[in-house]
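Order of writing sets the chain letters: A, B, C and D. Residues in each chain are counted from 1.
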Amino acid sequence: MDLQSLYQEIILDHYRAPHHAGLREPYEAEVHHVNPTCGDEVTLRVHVADGVVEDVSYAAEGCSISQASTSVLTDLVIGKKVDDAMEIHDSFMELMQSRGKVEPDEDVLEDGIAFAGVAKFPARIKCALLGWMAWKDATAKAVSESEVRHDS
Amino acid sequence: MTMQSTAPSGLLDTDRIRGDFPILARRLDGDRPLVYLDSANTSQKPRQVIDAMTAHYEQANSNVGRAVHQLGDAATQAYEVARVKIAAFINAPDSSEVIFTKNSTEALNLVANTLCWAQGQYSVGAGDEVVISEMEHHSNIVPWQLLTERTGASLRWFGLTDEGRLDMSHIDELINERTKVVSLVWVSNMLGTVNPLETIIRRAHEVGALVVVDASQAVPQLPVDVAALGADLIAFTGHKMVGPTGIGVLWGRTEILDALPPFLGGGSMIETVTMQGSTWAPLPAKFEAGTPPIVEAIGLAAAVDYLSAIGMDRVAQHEHAITAYALDRLREVDGLTILGPTEAVDRGGAVSFEIDGVHPHDVSQVLDSLGVAVRAGHHCAKPAHARFGVQSSTRASFYLYTTPLEIDALVEGIEQTKRFFKVRS
Amino acid sequence: MTMQSTAPSGLLDTDRIRGDFPILARRLDGDRPLVYLDSANTSQKPRQVIDAMTAHYEQANSNVGRAVHQLGDAATQAYEVARVKIAAFINAPDSSEVIFTKNSTEALNLVANTLCWAQGQYSVGAGDEVVISEMEHHSNIVPWQLLTERTGASLRWFGLTDEGRLDMSHIDELINERTKVVSLVWVSNMLGTVNPLETIIRRAHEVGALVVVDASQAVPQLPVDVAALGADLIAFTGHKMVGPTGIGVLWGRTEILDALPPFLGGGSMIETVTMQGSTWAPLPAKFEAGTPPIVEAIGLAAAVDYLSAIGMDRVAQHEHAITAYALDRLREVDGLTILGPTEAVDRGGAVSFEIDGVHPHDVSQVLDSLGVAVRAGHHCAKPAHARFGVQSSTRASFYLYTTPLEIDALVEGIEQTKRFFKVRS
Amino acid sequence: MDLQSLYQEIILDHYRAPHHAGLREPYEAEVHHVNPTCGDEVTLRVHVADGVVEDVSYAAEGCSISQASTSVLTDLVIGKKVDDAMEIHDSFMELMQSRGKVEPDEDVLEDGIAFAGVAKFPARIKCALLGWMAWKDATAKAVSESEVRHDS
């Protein structure tokens, strides 16, 4: 197995100095996700306002791949419209499930393209997805939360 | 042995198929060829299944879902691909609805046991009813007896007609607003009956009951489409479908499996564990505590590949043809009474019978001396035997490798048995 | 790779032994030899075990305990001989006390689940206590959480010392007149600790508590004599002792197993079944519902033959020697912290550790790229990890085929990992 | 497999015309035994007086081997002292568990020696033992019954 294709420099950089780390206020939803097989955990908060992801903050324990992937996630979605951010999420999912057969689009995924190599390591895909799944879950909650508020 | 009647049509190319099953080339005592007519008890295994397991042990053995290393990856992939294949084989909407158990019996107990602790919609308690039938295998009786005794619910059952079919005349009274679960065998392992599940499932769902189907004899013999069937949970077992021992399957709808509490607790079924309490992993892991039967799942996947390559419609056709031929031949035998439908209509490939004046043990002993392997006893269906006023019977059962010549050998052997015990005919 | 320290004494002839394990000759990616240091997760299987199962499928496959025919006889004999061999391996007074399950997890759940419904002496209810420890595998935690939650009993546990041993200081308070069950691991799969069972069993029996021992890591590594041990029930699992997946064992004293209600209901475990109610077969059948893991039991018997031919005292000696060597080498590694006893005293062959600044997933990934297979994660022992303030660890574990050169490869690989992640040392 | 060695003429004779069949009074103990694997059943009564097996009566459903073996049993034990009858029982058990390697003693087992062949058919040993196990069980009950009566 080619370690370099898994541990791209971009990934190691994010791992050593993760972006947007820490838990911040305000937020509409907070979730806690666990990878049952290895125990990696993330607590993640989402702040959505007017259909825009205003902030994503988190406290995570996990391997280089899960840490870096959460860091990249925050770069990609903060400041985006929720719909656009969901599309980025979908592209990332697709890349991870492609077994290395999809050419990632750098315009969409930016640093996220470094995870193309991870898709060839089935045991690590869950690591790369931990933060993304948590974000999707939290964002869905935050949005339905705000809809409820709007409705009432 | 010579073929006594015209060869039935619809048979598979058994010469080719038999070449895949090493055991069928075996000689028994007295250098007799093996005539294996006990497939409802357990089926034989083709080389493809045996080899898949050997190859895994020799090349990829590792625990699953836990290790990052290459062997761990290989084993996990193989195990999860097995799940996907089995899901496809029964047309399950989602492979995470396929739970690996050790056999059908465990799958049925899993359901009955978790219903014992279920809350809300699926809880079972005093005043509730569970419906089974008199033709069930013990594995679909005892779990429900335990459940109803422990929860204070009542156990009720379909009776049988003289022909060995479900007595449907009181269905609307039997399955009523109090019914929480209906658990029925699809194809009887003793009578051979194929039950009219569609009608029963419709009625059960009308009253909001869960439908559990014991498909232990159905999945090996019939094309099964759980999406079309409409049942809520089904159980089957690897060793009856050219797969290995030590593996069974529970399929259930996601929303039901999600709502049930866990069955066995331990490794792999958890989300998190603290000394104070634990939470559960999503399906299918939630119901697969501990190291699963990994190599057995891989063997079962090879079995499913083997059956699919032939085509389950062709397997069903063969089963039908050979059963019709067997019924024709057995009906000719003086002093032989078939228990169950005597025509090959809605009927699986197991034929139980009695011989006047000879106990089933003795029948099967004489047959065995001729190389013909059948089963004698109650076939784990004592109530069905009691219904027909007998304690035990002899059963011949067929599968995709069974030939008309083997049926002839059976009939021949029965005649010899009668002569041996000096039963006049 | 070169051997860094003096070769330990007491090792087995691993050249010969490795020749028996086909997978150990496998090359991994990059044509690297496999260095399998994940035997506490699952062990590899010798040709003798694989061949015994293949031979059975090809020559004698049949269901057991039900058929009169020659194959049925052969299969039943092989299955029952397997039980006798396994009974002898653990010195069980009677082979009918050996119950085949699908793994350790099922064996432990069998006990916890039947205690839930037990009456009289063994009943568990409000006010009663069950004692486990913080170093248990999830499979020896969750079943007791379910039991105590469902019966209203309380779950209590031994804490751990900083060295990873049971904190015995409050044993007399912890195990008291209210204690109904004490269930403890013999050899920890994470910390490697061998627990002082004798003292604990004595205390438990003083207060009349049942003692259950999770021997999943003990039976593979140590000579086990259940008669001498004095515990009431023990659980272990085939795949960790060079046997197949899909099989485990519960051993229990006859009088206890007789007094417990049945676990799974169905075929083979009954004495008689009517629609109105059923009675149970004597041991061991009472706890073996449905078609058992027949071929897996035969494989486990071959595993036991294999281990016995070497001698479990020699296996234990090898395990000790290789573990001592590994501890010596790992203690030298800068930035490496061993979780659990750091000396090879009362210690099994699993060593979990942390590397400063590198997550276990990443450690095992780099090691895997060098062909070294170790496990990263919580090893189904989250509470023990929590006790040491970590979420996961890397674990290397050894067995009768492990060589000092493989330990050297591990240490070499750890150094390379540190370089890769630029951890200074 | 040699059918003749299993189905000796003596066995078939007992099967066709079992001795002492039927349930009779008086009796001190009645038991019902089942062979769980095949469903064969026997209800068996024992009448013991002054340490002697005065009668053994039974109603059985089962194969030729189990029927004949129960018939032979009654011939062997009726009229014997309980202790002597138990010794016969033990000899029969030994024969059945011998896998055909013990030469049966005709003076002790009489027609019972015909079951030597059964010992070579593992699946049928349980058949041959059904009546004997029932008898042992019933006799033990009858004896302890009478001891209780004597004590009181």
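Brief remarks follow.
Assume contacts are C-beta pairs under 8 Å (C-beta built on N, C-alpha and C of every residue); 3 or more make two chains touch, one makes a residue touch a chain.
Bear in mind the structure is a predicted one, so any value in this text is a computation, not a measurement.
Without chain C, the rest of the assembly holds together as one piece through touching. Listed here as common contacts of chain B and chain D: C. Inter-chain centre distance (chain A to chain D, centres taken as mean C-alpha positions): 76 Å. One inter-chain figure worth recording: chain C and chain D are separated by 45 Å, centre to centre, where each centre is the mean of the chain's CA atoms. Computed from the mean C-alpha positions, the centre of chain A lies at a distance of 37 Å from the centre of chain C. In chain C, the residues that reach two or more other chains under the touch definition are 29, 66-68, 70, 72, 268, 270, 272, 361, 365, 368, 376-377, 382. Residues of chain A in contact with two or more other chains: 1, 37, 39, 121, 124. By the document's touch criterion, interfaces exist between A-B, A-C, B-C, B-D, C-D.
In the complex of the two chains, the chain C residues touching chain A come out as 29-30, 359-362, 365-366, 368-369, 376-378, 382, 385, 391-392, 420-421.
In the complex of the two chains, the chain C residues touching chain B come out as 22-23, 26, 28-29, 34, 36, 38, 41-42, 44-45, 49-50, 53-54, 57-63, 66-72, 102-106, 108-109, 112-113, 117, 134, 137-143, 145-146, 150, 155, 157, 237, 239, 244-248, 262, 264-270, 272-275, 277-278, 289-296, 361, 364-365, 367-368, 372-377, 379-380, 382-383, 386. Of all residues in chain C, those touching chain D in their complex are 65-68, 70, 72-73, 76-77, 268, 270-272, 281, 285. Across the complex, chain D meets chain B through its residues 1-3, 6-7, 12, 37-41, 61-65, 121, 124, 127.
Chain A meets chain B in the complex at residues 1, 34, 36-37, 39, 121-124.
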